[in-house]
Amino acid sequence: MIKVGICGFGYWGPNLLRTFGKNHGFQVVAIADRLPAARAAAAETPQLRLFESAEEMIDDASIDAVAIATPVSTHFPLARRALAKAKHVLVEKPMCTTSAEGEELIALARANGRVLMVDHTYLFHGAVTKLAELKQEGSLGAISYYDSLRVNLGLFQPDMNVLWDLAPHDLSIIDFLFDEEPVHVEATGYCHLNPGLPDIAYVTLHFASRMIAHLNLSWMSPVKVRRIAIGGSSKMVVWDDLDQDEKLKIYNSGIDVQPEDQRGTIVPSYRIGDIYSPRLPNSEPLVRVVEHFHRVIAGREESVMSGERGLRVVRQLEAAQRAIAAGLARNTVHGIAPALRVAR
Amino acid sequence: MIKVGICGFGYWGPNLLRTFGKNHGFQVVAIADRLPAARAAAAETPQLRLFESAEEMIDDASIDAVAIATPVSTHFPLARRALAKAKHVLVEKPMCTTSAEGEELIALARANGRVLMVDHTYLFHGAVTKLAELKQEGSLGAISYYDSLRVNLGLFQPDMNVLWDLAPHDLSIIDFLFDEEPVHVEATGYCHLNPGLPDIAYVTLHFASRMIAHLNLSWMSPVKVRRIAIGGSSKMVVWDDLDQDEKLKIYNSGIDVQPEDQRGTIVPSYRIGDIYSPRLPNSEPLVRVVEHFHRVIAGREESVMSGERGLRVVRQLEAAQRAIAAGLARNTVHGIAPALRVAR
Amino acid sequence: MIKVGICGFGYWGPNLLRTFGKNHGFQVVAIADRLPAARAAAAETPQLRLFESAEEMIDDASIDAVAIATPVSTHFPLARRALAKAKHVLVEKPMCTTSAEGEELIALARANGRVLMVDHTYLFHGAVTKLAELKQEGSLGAISYYDSLRVNLGLFQPDMNVLWDLAPHDLSIIDFLFDEEPVHVEATGYCHLNPGLPDIAYVTLHFASRMIAHLNLSWMSPVKVRRIAIGGSSKMVVWDDLDQDEKLKIYNSGIDVQPEDQRGTIVPSYRIGDIYSPRLPNSEPLVRVVEHFHRVIAGREESVMSGERGLRVVRQLEAAQRAIAAGLARNTVHGIAPALRVAR
Amino acid sequence: MIKVGICGFGYWGPNLLRTFGKNHGFQVVAIADRLPAARAAAAETPQLRLFESAEEMIDDASIDAVAIATPVSTHFPLARRALAKAKHVLVEKPMCTTSAEGEELIALARANGRVLMVDHTYLFHGAVTKLAELKQEGSLGAISYYDSLRVNLGLFQPDMNVLWDLAPHDLSIIDFLFDEEPVHVEATGYCHLNPGLPDIAYVTLHFASRMIAHLNLSWMSPVKVRRIAIGGSSKMVVWDDLDQDEKLKIYNSGIDVQPEDQRGTIVPSYRIGDIYSPRLPNSEPLVRVVEHFHRVIAGREESVMSGERGLRVVRQLEAAQRAIAAGLARNTVHGIAPALRVAR
């Protein structure tokens, strides 16, 4: 039985408590939160030790593993402390705020023989599981594009911009499905509400495999949309995560490339075919994350959300952030926007 | 009665014939098309003179005005010839393929006192009429963004890329609604089917008013989508052009900016309100274009789709094309893409 | 080449003209309509003889076949006249207004060796073709129900009620797919706008096969709905005719009946499975009706929309009409409704 | 502080515990359930007395009020016992299984001066609150119809048929909104899975106000639908309870009745207008039910879900059940169905 301490009992902490609580390989023994109200909420569950200081809880000898669900800026110091004390770590996404931090965490985990895992929950979503199957069996063909529309009326957070809030979902999914890092990252955006905190961001990733990925991220949309389209040469897929009955639609449609005609151009012809919406497993993704964490600790599985994977995502966020900052600086020259605050 | 000759009787020509035919101010007297099959189709309508050569038709003294619905590369020479012969011109979008061509056409029209109009049909779509009303009366508030998803399984054309095919719709709508030229144009894309002919393009426009516009254009989508979201500080709008019953939804939702809190950041609060879907006039946009053409010729109205407006659109297309070409060249360095053919 | 005369050139007549015109086995030679405006519209097509009197056209020796698209009350006299003169007849639905009329038409057709066919166009709709395939191959299992929601803001016609306007579609589809006549017909409804002309009707049909069919018909709905659900023991189907992309959805869902448990009741268990939306052929149904008419005349095919089939539909309409009339009479006793006018 | 005991801790009991627990006027002190597993679940909440026997709990002197969430057949005996002991009662719908039972409960409540309330939760749904407002202010005009499609893949229960399971929702809503009892109830249906337990039912209610109501109820649908359309002479409404963003759509559409024309019939003309989707309050209905229960006990409010209201619903269920039974008996004569078991 692995004894777990949870850092942070705000929005996500209670989900971690409930989910670790249902797994027979773990026992949640402690929770840390600075806020008295959060500790009072945690106190409703019997037999938990409560800490005001996350550091103190991490240092406690009875704790084998730490789950970190605190604000992003604290991910790195808390994860570092826990790994240094030889505790396993499951940290919420994004893993940290710079790639240098990420590299340090990975090195620490390796040096101390402990597991460092980033909670990219979506990787255990039924739709991603199905997409991975389709990719694996080759039924999509060569992938042309990944196109994500991920917008809503945002929950602005003072230390987070829309890029670091929403892009990790897509970046971790792309990394998992296609196992390829982009050769070039473009990004642009704008800050309407808070100077220096983009609330709209557009990110385009170019891959050596000829795939292009595009993310349309916004906190300024009156309707929530979670729509991802993936185009392959054999099949195309649309994943609408808000559709209760048919989240995934697989289009037996595509473009057949014909031999060149006399004008020297390729003449494509279209197939518009059947649409198939597979029933997805409805197991809760976080339950599968916790099971995966257990098997990785036990050495029975390699992690799909390892520190190395988390670092790749952070590197791409950094590249996109740099591009957005450059664009905002250029806009400032045009007199239409303030400089980007160093904030995520 | 203004006597009209139509150049090109392929996809759009028959619509022009039908629509000019219903307008009492015009009489279609001639049609020109190189293809015998097209002329045969035109011959079903009685009392039309048929020409193989558009130039010959344009030169005919009996013609007062010319409607040009031929491939894009011929727009400029045909329009120039017609204006030089002092005929009024209605040319399909895009007006021409370079801004230099556009400037020459405008100068010619002015010198000869003739009307040069670009058929940006969408400007007379009921949804755009309603949006213009909302903008006019100020009920949207300050505009933050215009976001267009305009994708389908494309009709590849050897002399056209997805940018020049689909972007003119959005660019002309933005120009009409907000009457503002962008200070900076970004664009990126990829050529999956035909080397040098982008089939996916992402365009971002930055405006001095702090508006950002983004176009997601694709010929590679298994489903057709025409979804435009416009965000204002007071109201937000989603225009789904494929929704038969509720094309336009106006969200009485927005973001109220609160006084800064102690952390030095702006704290937004959300209003999620009623949704209102106005009944749109269902008059056919092309009918209204032809009526407008008549009133502009008669000097009773200034054109909303003048040569100057068409030129602005071409300038933005050029800027986007340059950005896409630069990106594809950079990708080529990475070894993942061919150089962009000079083609639209 | 079979020479055709069309009776009635209002809403449907032009479709008949266009469709017969494209079929190489037929030639439309004449059109009859009482209204000068309708004849003027017909005169736009060259080489047609125009008649004010349908009877005169029918009697003309040059006519081999007649298509009848006049008001329902005239279907019987016109079809009878044509059959008596040994012309083939394609009559719009419903075939006539009483089963006695229907029997007379069938007898006449047989006596004169001519084809009597009712234009139940939906039988050649791609969705019905696909449903027939599914039924044929047994993949739906035993059918439990057919449930139709067919409502819109109605086009009231002074000689037609909602039952005779909308029910023929469903009744002909049921008859075609399941080839079974109901053993009992229930119906009820109400007249809100015109006393004696129901504008809302609910029809329930009971079949010996244990299938139940239900039709919800209304002219009083603010939104148009065309939604038919068919439940089989193996698969269930929803046909939404207004969905452009996925008209037919086949649910691999059902109810498995388990052995009885100790409480003496059957315990069903549910399968919720994949959803499959087949691409439907997009050939125009009326084109296929006309082709079918030709093959039936040529003796190469038995008709799926024969007079006998049309009669079955009329019989069910009569039974439903009687039930609605009885209900309205009972309501009158309650003081809430006028008696049903003998009108359809 | 009113002390509450909850009978039944299966599906609904935990919701009652949670909701009564949040109301400061009530304190849940005891829970009764025959099943050890249910009592074990209840034991997770501290300070609750647990009973195996609901009767014993009801008799306990410390209990002031009883909430009954047991199988329908036990509603009557438990509610009667509680009222006889002068406890307030909130009973799940349907209140009981016969109108005689309902009358006895009402009489007992009156005799003992206690509150008898039926948990018709939907009456406190935001959509019903909005509909009541529209009705109150007269903006719908004269009501023509109420049309409900309430279908899903059912949870078959051995002592319940689809009528008693699903119809109480619509019947209580109709009674609440229009405050009118039907003058005639028609119903038909079929038993596919369990002989004698209808799994599909169609109910039509006729009202003296000229309104017609129709319920399409099924446990055999592969997709869940909760769609209610209400037609008024001024506005029409569609309530789609599964639409997350726009549950209620108000159509400014209708039918204007013109003066009679020469043919002696009314000529309606159509208005198709704007569509308006009001933001609904998102307070939880059950919370409002419990608040209402408290105010009714305190004598500060008359109940909208009194025993008398519950009895009206039961009377209509009885009438519909009789009609369905008669139809099934008639079908049996046709050899197609078993007799209806006396079961609900």
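All chains are identified by letter, namely A, B, C and D, in their written order; residue positions are counted from 1 within each chain.
Please note the rule applied: contacts are C-beta pairs under 8 Å (C-beta built on N, C-alpha and C of every residue); 3 or more make two chains touch, one makes a residue touch a chain.
The UniProt protein names, listed by chain, are A, B, C, D = Oxidoreductase.
What you are looking at is a predicted structure, and each value in this text was computed from that prediction instead of being measured.
**Q** Trace the shortest chain of touching neighbours from chain B to chain D and give its length in steps.
**A** 1
**Q** Average the CA atoms of each chain to get its centre, and name the chain whose centre is farthest from that of chain A.
**A** C
**Q** So the centre of each chain is just the mean of its C-alpha atoms; given that, what is the distance between chain C and chain D in Å?
**A** 38
**Q** Can you work out the whole-Å distance between the CA centroids of chain B and chain C?
**A** Between these chains, centre-to-centre, one finds 43 Å.
**Q** Could you tell me which residues belong to chain A and also touch two or more other chains?
**A** Only 223, 245, 272 qualify.
**Q** If we count contacts the way the header does, which residues on chain B are in touch with chain C in the complex?
**A** 223, 242, 244-245
**Q** Show which residues of chain D lie in contact with chain B when the two form their complex.
**A** Touching chain B: residues 245-246, 252, 272-279 of chain D.
**Q** Enumerate the contact residues on chain D facing chain C in the complex.
**A** Listed in rising order, the residues of chain D that touch chain C are 144-145, 147, 149, 151, 153, 156, 158, 183-184, 186, 188-190, 192-194, 197, 200, 202, 204, 206-210, 212, 214, 216, 218, 220-223, 229, 231, 236, 238, 251, 253-255, 257, 263, 265-268, 270, 272, 327, 330-331, 334-337.
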